[in-house]
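Both complexes shown next keep chain A, but they swap its partner, so chain B is in the first and chain C is in the second.
Here is the complex of A and B:
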């Protein structure tokens, strides 16, 4: 069993940490950057959302792997909840990215969607998770659903790394570090990194809170519906 | 040797069944022909560039694969022969036999699609070898992914149009590379050296997909 007091303590620390990060993100001064101006503050939200999604994708794939190894239904619940929260953060990151590019590089044009490699990759990851959820809906028996959904999740995880190589060869990037763009360290002032790195930890902590809460809820639901003694 | 014999037996069984009914082949060919005609009518007299030609060609192949190859394991469930196969042949041999069968079907699709497409859209093929190579290599990866997903949807209770939904997001890396490689074959100025990285990616993708599919198939095939 989990230690509830320790859990509450860690959760409160993360919430406090996140509140401080949010205040610092809006209140601390930032250096003036061409085109971006104050939208550069989006760095504190947009980028950590990506990292959180990546972490969620790894957690989900790891638990899918464990489903195949042990056949444990709890692992399936974990994989599903990580995928759901990963998709949630992916949508958030996608939206913040679209809005950000629209009102900086594409201001005055009608361009909303651009074929940026990272944008394309995350939209594909969202499609894969959409297919994963649809597949789960088509399977009735819980243990069969756990196994087959895990197979699909892992199969998707073996094909997506190719995108990292294929897509950048086909499209130009808006992101720093890509070909012709300045590296991340060149355009960020030390004071921005002072908020940026804690924001990553805060967002991953938020993922952890959401994830553990949802897993506990799903476990209780599973027990209520499947335990014959209840 | 027994491994090859088992796969060969599965392949032979599927080929013989196909010879009797010709269901999959006929359906695939009709689908390819009708979608190509639709494209030709929709495009009309306008000349289509190389990029569009290879993109349309591959989209037709991809859709035909997702519609025609989904039956390979569903048919076993419907005939009630799953248990028989599970008892007699190890899973990896079933998978290999089905994979080769699907690959042969895809080659037929490629051939018909290419010939009809070239006639309808006045395709000028500069580099035959490269085009054939990219079609065959692309079909290997396509067959690998489709065979595993066909086994997955055979276990689902609602089999309908699930395969395209599952298949398309996974095939984007393959699609992007094969479209580029076929475009290089249609566009004479580019040549083999430009398409080599794409061919490497297609080969690598096919290898990884088939390896992962063979490993994962055991979990789908057995209860």
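Here is the complex of A and C:
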């Protein structure tokens, strides 16, 4: 089912790759920007979380679509685990964003959370995925669960680009990319791109490792208990 | 009806809802102890905090995976499936 030689090879490459990215993220000099200062380095960590979540959502939706086409329980396992790891990266992205905003937007105040549209919409998206996991828990028959969960998961995947990217950009937000706030492409120095793009690849690779591990575990559990829920 | 609505309107006209306008300088307190630490060294510790959050997240995921693996292993033992993996 899973090509173990390929998995091991890609895993080792990704782990080495991420180690280099981590070093580069701290060792390479970056231009000084007022307010941001060294927190600009969070670009290498906070932003790839969302790219990774988006990639996970694509993988999950693809497999949910395949569930509806074929009814294959293995596709259901893959859809669930991709969604789980995707939500995991989403939570990490939200938490890192809260810390970053506290020491840039909200310095000198007690504010940690001010219902910035970007953060609110992203929380909403994570709740939509939370409902996906709860919905699965409510259904006992694996093949019925696979189909119903697949339909809901396709809905959840459809809302993701809107709640993550489209709607927050239409509203007043302190987050870069919103109205009257420069986006990444115009202001980012080449030296930061040198680390940023590899960091995205590295974190998506980390997603792939974690996701594949959990799919392997779920397949074993399915073989033993005839219930793939993990 | 009229007796209740008139004082309401007077109150609306006379009391401010907020003590400062949004465009005015919002009074901020001095830096708290945590902020003094986090903002030192050009805010480098904020990056440390962010990396630690990601690291702790991965550790939690690792521990949860371990727990799931243990429960699957226990099921296998209960079912008496012979293990021939040489471990």
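Some notes on this structure:
Keep in mind that, in the parts below, the second predicted complex is superposed on the first by the 207 of 230 C-alpha atoms of A that agree within 3 Å, B and C clash if a C-alpha of one lies under 4 Å from a C-alpha of the other, contacts with A are read in each partner's own complex, and residues count from 1 in each chain.
Note that in this section contacts are C-beta pairs under 8 Å (C-beta built on N, C-alpha and C of every residue); 3 or more make two chains touch, one makes a residue touch a chain.
Keep in mind that what you see is a predicted model, and the values were worked out from it rather than measured.
Contact with neither chain B nor chain C is seen for A:20 once the two complexes are overlaid on the shared chain. By the touch criterion defined above, A:38 reaches chain C but does not reach chain B. Within the superposed three-chain model, A:134 lies in touch with chain B and out of touch with chain C [touch as defined at top].
Of the two partner chains placed around the shared chain by superposition, chain B is the only one that A:68 touches, whereas chain C remains out of contact. Judged by the touch definition given at the top, the superposed model places A:108 against chain C, while chain B stays out of reach. By the touch criterion defined above, A:217 lies against chain C but remains apart from chain B after alignment on the C-alpha atoms of chain A. Shared contact residues of chain A, touching chain B in one structure and chain C in the other, are absent. Listing the residues of chain A that touch chain C in their complex gives 22, 26, 32, 36-39, 41-42, 45-46, 49, 88, 91-92, 95-96, 99-100, 103-104, 107-110, 206, 210, 213-214, 217, 220-221, 224-225, 230.
Interface of chain C with chain A (complex): residues 26, 28-31, 35, 38-39, 41-44, 46-47, 49-51, 53-54, 57-58, 61, 65, 68-69, 72, 75-76, 79, 81. Residues 145, 148-149, 152-153, 155-159, 162, 165-166, 168-174, 176-177, 180, 197, 201, 204-205, 208-209, 212-213, 216, 219-220, 223 of chain B are the ones that touch chain A when the two sit in their complex.
Every residue of chain A that touches chain B in the complex is listed here, in rising order: 68, 124, 127-128, 130-131, 134-135, 137-140, 144, 147-148, 150-152, 154-156, 158-160, 162-163, 165-167, 169-170.
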